[in-house]
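By letter and in written order, the chains are A, B, C and D; residue numbering begins at 1 in each of them.
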Amino acid sequence: MLVSFMLLYQDRMTGLVNIFALHALVVSLSVAWQAHIQHAPHLYITAAIALIVKAIIIPIALHRIIVQLGIHRTIETVVGIGQTMLAGIGLVALSIMVMLPITAKAGTLTQQDLAFALSVLLLGLLMMISRRNAVSQVIGFMSIENGLILAATGAKGMPLVVEISVAFSILIALIVIGVFLFRIRESFDTVDIHAMHEYRGEQP
Amino acid sequence: MSDGGSFFVGAVLIIPAVSAGLLAVLPDNRATARLNTLAAFLTFIAATVLFRERPTPGHFLIVDDLNVVFIVLSTFVGFTTSVFSGSYIAHELEIGRLTPIYLRFYHAMYQTLMFAMNVALLSNNVGLMWVAIELATLTTVLMVGIYRTPAALEAAWKYFLLGSVGIAFALFGTILVYLAAHAVVGEGLDAMTWSVLVKRSPEFEPALLNLAFLFLLLGYGTKVGLVPLHAWLPDAHAEGPTPISAVLSGLLLNVALFAVLRFKSVMSANPGAFAPGPLMVSLGLLSVVFASFMLYRRHDIKRMFGYSSIEHMGIITFAFGMGGPLANFAGLLHMTLHSLTKSGIFFCVGNISQVKGTQNMRDIRGLTVSHPVLGWGLVLGVAAIAGLPPMGIFMTEFLIVTTTFARSPVLAVVLGLSLLVAFGALLLRLNGLAFGDPHGSRKPVRASSVPMFAHFALVIAAGIWLPAALVAWFEHVATLLR
Amino acid sequence: MALALSLLVQIGQMGLVLALAPLFTGYVRKVKAHLLRRQGPPLVQPYRELLRLLRKDVVLADSASWVFRIAPYLIFATTWVAASLIPTFATGLIFSYAADMIAIVALLGSARFMLALAGLDVGTSFGGIGSSREMLIASLAEPAMLMVVFTLSLLAGSTQLSSIAASLQASDVGLRFSLALALIGLIMVAIAENSRIPVDNPATHLELTMVHEAMILEYSGRHLALIEAATSLKLLLYVSVIACVFFPWGIAVSGQGLVAYFAGVGVYVLKLAAAGFLLAVFETATAKMRVFRVPDFLGAALMLGFLAALLLFVTMAG
Amino acid sequence: MVYAAALCLSGAALGIAAASLFIGHSLLSALTLPVGLPWLGAHFRLDSLAAFFLVVVNLGATTASIYGIGYGRHEETPGRVLPFFPAFLAAMNLVVLADDAFTFLFAWEFMSLASWALVMAHHRRAGNAAAGYLYLIMASFGTLALLFAFGLLAGPAGGYAFQAIRAAPPAAGVAAVALILALIGAGSKAGLVPLHVWLPLAHPAAPSHVSALMSGVMTKVAVYGVVRIVFDLLGVPPWWAGALVALLGGVSAFMGVLHALMEHDLKRLLAYHTVENIGIIFIGLGLALAFEANGMRAAAALALTAALFHVFNHSVFKSLLFFGSGAVLTATGERDMEHLGGLIHRMRFTAFAFLIGSAAISALPPFNGFVSEWLTFQAILLSPGLPQLLLKFLVPAIGALLALSAALAAACFVKAFGVTFLGRPRTDAARNAAETDRWSLATMFILGALCLIAGILPGYFIDALAPVTQVLAGAHLPGQGQLDWLTIVPVAQSRSSYNGLLLFLMIALAAGLGAEAIHRWASDALRRSAPWDCGFPDSSPTTQYTAGSFSQPIRRVFGTVVFRAREEVRMPPPGDLQAAQMRVRMRDLLWDGLYAPVTGLVNFVADRLNKVQFLSIRAYLTLVFGALVTLLTVLAVWH
């Protein structure tokens, strides 16, 4: 979760990607930890997937894309870092508040995990809306997925379906995003989403 | 009989999958169009059989009263749309908006979409359903962006981002549901199986269910196109190929709503959890009001009907939110009729925009003079979508408004007035489009108008006479949804 | 036998009004002349005029249609019928139930309808002026008249002139405020309807002021004679309505025998004389008003009638 | 030929309806078809009320079909008329026959749709599309109101069958709301002020025989809706309902005729008169409600008879007049009276029929219009018996309005007939007009004869209405048919009586006498010459009085207040030869006050919301995010 705060804090593209790699690493570690205490071997696979895909492949791919697009400049955030941080803290508080009443049956561990997962998810979303750059939005989306993984592994003995789906979704997501970035670049030579708005369907 | 049923279930799923693969590799585009139609037709046949043959529900697949209607409906619309898209796409090739390679891609994606939706409808497993819906989303994203114009890309990108956020929410909700279930049911697949979930839901932890439903409603609601999650829908309808707009409005929205319904039944089975009704009612009403006002300033004909889809999804959500046998019945019927009508309208609109070479309503005038078939088709469609008799939507809106007014007048008045506002906008446009002195190109229509009129004929028939079997079916489901 | 007798009485009534009408007109003229220190035409002058007109032949405008030609007959007939349905000297005539007061008003309305059409028929500007102003006057006078009818019928519990006269004769009603209002209103209406001063001047052809004369400008010969007869009938009609409703004394009740009838006739003639005198005095005393002041005049009449009716409505118990 | 088929069918329906009306007990007591709402089915029932309105509907339908056989030949786009004409007729019949809420509204809205299609038949003429738009919107608005009303009456369980609604009469408050909703819904279709604005635009836009149907028949179907709901389904009404209905009626009558006077488009003038006559009908209905609420059954029966009889009469002469205007339209291609004139010389038969219609609608004896208005007056004169003070004040005012509008109607039709048919032709179109075809003439003469018959033999018609009032008001007028000389005596011989037959005979006799005497003793020589016109030289037809100048005095008296009519005259300086100009500006305060704000509001909101279409993706994501956060907070607080 701290890492995702770091994500919010980070304002350099390359740095952002690296932090994201770190983020993914942390997630995979926690998943592995879950696997250990739940004695659920298949979770190791998940951890592995997370590690390989998110912590290694995607960051590299993103680096390549960044280099391709030649955007090393700092990301102009929409709202200042400070407010973003505050909002993030508020979100965490909210997620914990929401999760509080669910102590009854599910184990406390799960509860904390869920709280974390939810807050990571919200932070990712916050990041998506507080950045104006396609790549950073992609990263925000990724961190949302991380939060999901956290939640999924937090859930005891959830069948493999979910991991498959998660991984699968992320793969597809990456492909599509790649395709899009590629196309977007051939359409306009920037991935700045603002550039698209002249092309809106109907201007009044 | 069960194995026979499962055979047909298999058919419903496998035919699209296989044909998707085939279509991806086959080069000749004439043949592929035909193959596409054929596959859709076979799927439809197989689906109709499911009315009789029911397989025993497994862990992954199930055929019950609720989804069989949707299966048949979606396969039917899929079939008619494929018929329409044959001629439509051919024309697109001629004018060079599409290249053969993209065409191949298009057909493959079409069948993949069919496959995904059928899986989503048939799945007895929340996870599987989620996967299927995501698959459907991604395929439609690719199809929306297929023209590669900046506008199309932008629409697709918007669709993709919002869609995947929604999907993420939905997944989170699904996990929460599992968490709620596995404490009771125990670990393993059972905790994700519909039939089990509905049965055991009274024992679930209410708080978890609440949270879960919230995420699921937002997640799948994005797909349904409920305000304020709707932003992707109008542009996706406007920029994608018209058959895809038809499928989107006619089917994908339904599928997403179907998912919401499933969870609603789980939800309302649990006494501790809050009633999902008010939430759905408010979202639905918001969508209706918003969309009906948004209709006024539209110039792109397809985008306008996209907004009208938002409006009608709002109506349906509203109806299900109100609950009660009559409202549920009306909701189901409205869902069916709306997908028939709206896809029919999109067939018509597709032909119009091809004939006129534009989607801008300012440049389309006097269709009933220049192209009587299209013009009167459009008049019929708008009358149907606006809920004028003898078209069936009149019946559903009659039921919804009257029952609601008896229960909570304010809601009914808001709903009714915004329906009137929406009708005002549609009729205003229709006056310009269909009547007055013709304007623009008068080249004859080549695409067949059979699918369009087939849909409208069905809608009219439904308005006048509903087969007793279907009614019994709907009523059963309506009570089942409670 | 009784039927035959009452039929006879009815016919006598018709003959009477037809005979008296021109005489009454002549009488009014005579009195006016005297008031103006003039000799004035003899009483029978109107008869002479009628006969002269009847002997002359008709000059018909080229653009006139059949409406123009049948209008005089219809106007004459409706007015005559309306006049003959009013209990002048006896109530409860055999046909009196054929039309109550509302119907009589409407009958006069039909006559006016035809007259206005005739005015428009030839297609001259004067005819247009005439009919337009006539319909304006009528559109206010008729409601006023109906309001008066309301008042009377509420008092008498009937719209039937005979019953009204009878019940007012029985005079259990006494003198009522609303009755007075109704009387004034009715008189104003009568003046307007008969195009007398101050609303209109029957003796002028000064185009800007004339209403009635403008409509019949194109008429000549027998047509004109019929219309003149109808006009005088109408005047007589209104006067006798006022007489029989507000001064119902001495009206014979049907079946009282010939003596009573003749007495009734005598009283009736006396009433006419008095009324004609008053009318003449009034006309010589006042001046013609502008056409666009007429609405105010008639609006006042309408208000009076409405007030009278309203008073009754409110005061009468269920 | 479509019209022939329509003719046969509607004629048959007419026969059936008339039969079941006169036999008294209905031929089709109850019929349920397995269509419409699945578990309900479509209920149909033909009671005396339905039978009466069925007679009205199918009389109009039959005549319109005959007329259409001739008139249809002049139709430039028959393809846009023929398919919808039978549908329209069928829909109107279904509305009258329906016996459950769904079937009723289904047919009701279908009627609107079909007639809208017919209004749009000449969609290329300027303004017609707008007229159709306004029409369908207002119609749907009315249907919406009726939806609410029936929603209230049926309850959440959905007891839509009229039988069920009758079985469980609603509580007083519910009934009041339902009554107002029904008034809005059906009133907007009938053209009741202030919901009338669509009517004078839509009715003239349709082909003339359809205009006749819409004005003469469809509005009656709307009246049927009111009667059915208010008298039949709602149980005993509150007395203020009577006041409300009667007041609306009076205002409609007055406003309608004033609008008509200001109008010089022939068909639109007729349409405004529809508003007027609907007002008269509603006055009768309102009085009936008031009487019924106070238990004065006989009086209620009288008022109801007056209203229903006027329904019949208006459908007859309004159809006649629209047919006449259609004949003029086909002969000259003109609807504007200012371009007509002198048609009586070229189209004498049409002119004759139109004259009869004008006399009838102006409530002149011995025609039918007078009888029903006379009955209404009689009902008004019974109303001092009403205990409520408000009614005591209101009813005479309404009576005054009624009298006023009757007189103004006469003025208006002097204008309509005089300017259109009399005088000298103002344009070549009018100069070269030719008499219309036989079918049309036949139709017009049939209707004209009906006007006269219903005027001189009203007793039979009133007796035919007895079962209807018996059902609705629980009483009926004493039988009239067997009274000597066919007098009609609504209450008592001493109170009031009217005998159209006798009047007619006496007038005929008197006229005959006069003519005979003149023929016998006076000269019947006749010379043609130029009009004298006070010795002015023969001037051009343009110097005739026009419709505008005819109604100028009345406009000055009433219009300045009601329409804010302003005249401005620009006189050229003396010696200057250019023509003086006069312009009249009128504003419809109702439109400005009621409709303009609504449209303005809708546009305003649409503009504001439209900005949402043009946000950036991030903004949309923010929307989603906001929705999520709000819901989460709600949830958190909810615990």
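Quick notes
One rule holds in what follows: a residue touches a chain if its C-beta (ideal position, glycine included) is under 8 Å from a C-beta of that chain, and two chains touch if they have at least 3 such contacts.
If you're wondering where the values come from, they're calculated on a predicted model, not measured in any experiment.
Each of C-D and A-B has its own count of C-beta contacts, and the greater count is at C-D.
When each chain is reduced to the mean of its CA atoms, the one lying nearest the mean of all protein CA atoms is D.
Our note on geometry: chain C versus chain D, Cα centroid distance of 34 Å, whole angstroms.
If you average the CA atoms of chain A and of chain B, the two centres end up 30 Å from each other. Centre-to-centre spacing of chain A and chain C amounts to 100 Å, using the average Cα coordinate of each chain. Chain B and chain D have Cα centroids separated by 45 Å.
Shared interface positions of chain B, i.e. residues touching 2 or more other chains, are given as 157, 161, 165, 207, 211, 234, 297. Shown for chain A are the residues that touch two or more other chains, namely 98, 101, 125, 128, 137, 193, 196-197, 200, 202, 204.
Multi-chain contact residues of chain D, defined as those touching 2 or more other chains: 610, 613, 617, 621, 624, 628, 632, 635, 639. Chains touching one another, given as pairs, are A-B, A-D, B-D, C-D.
On the side of chain D, the complex with chain C involves touching residues 341-342, 344-345, 348, 351, 355, 359, 362-365, 370, 374, 377-378, 380-381, 383-387, 389, 392-393, 395-397, 399-400, 403-404, 406-408, 410-411, 413-415, 417-419, 422-424, 485, 487, 493-499, 502-503, 506-511, 514-515, 518, 521-534, 536, 539, 541, 543-545, 549-554, 556-557. Residue ranges of chain A in contact with chain B, taken from their complex: 98-99, 101-102, 104-106, 110, 114, 117-118, 121, 125, 128, 137, 141, 144-145, 147-148, 151-152, 155-159, 161-162, 164-166, 168-169, 172-173, 176-177, 180, 183-184, 187-188, 193, 196-197, 199-202, 204. Looking at the complex, you find that chain C touches chain D at residues 54-67, 73-74, 76-78, 80-81, 84, 95, 97-100, 102-103, 106-107, 109-110, 112-113, 116-117, 120-129, 131-133, 135-136, 138-143, 146-147, 150, 153-154, 157-160, 163, 205, 207, 217-218, 221-222, 225-226, 291-292, 295, 302, 306, 309-310, 312-314, 316, 318. If you check the complex, the residues on chain B that touch chain A are 125, 127-128, 130-131, 134, 138, 141-142, 145, 148-151, 153-157, 160-161, 164-165, 167-168, 171-172, 174-176, 178-179, 182-183, 187-189, 192, 205, 207-208, 211, 234-235, 238-239, 297-300, 303. Against chain D, in their complex, chain B makes its touches with residues 157-158, 161-162, 165-166, 169, 207, 210-211, 214, 218, 222, 228-229, 231-232, 234, 274, 279, 290, 293-294, 296-297, 324, 326, 368, 383, 386, 388-390, 394-395, 398-399, 401-407, 409, 412-413, 416-417, 419-421, 423-425, 427-428, 431, 435-437, 464-466, 468, 471, 475.
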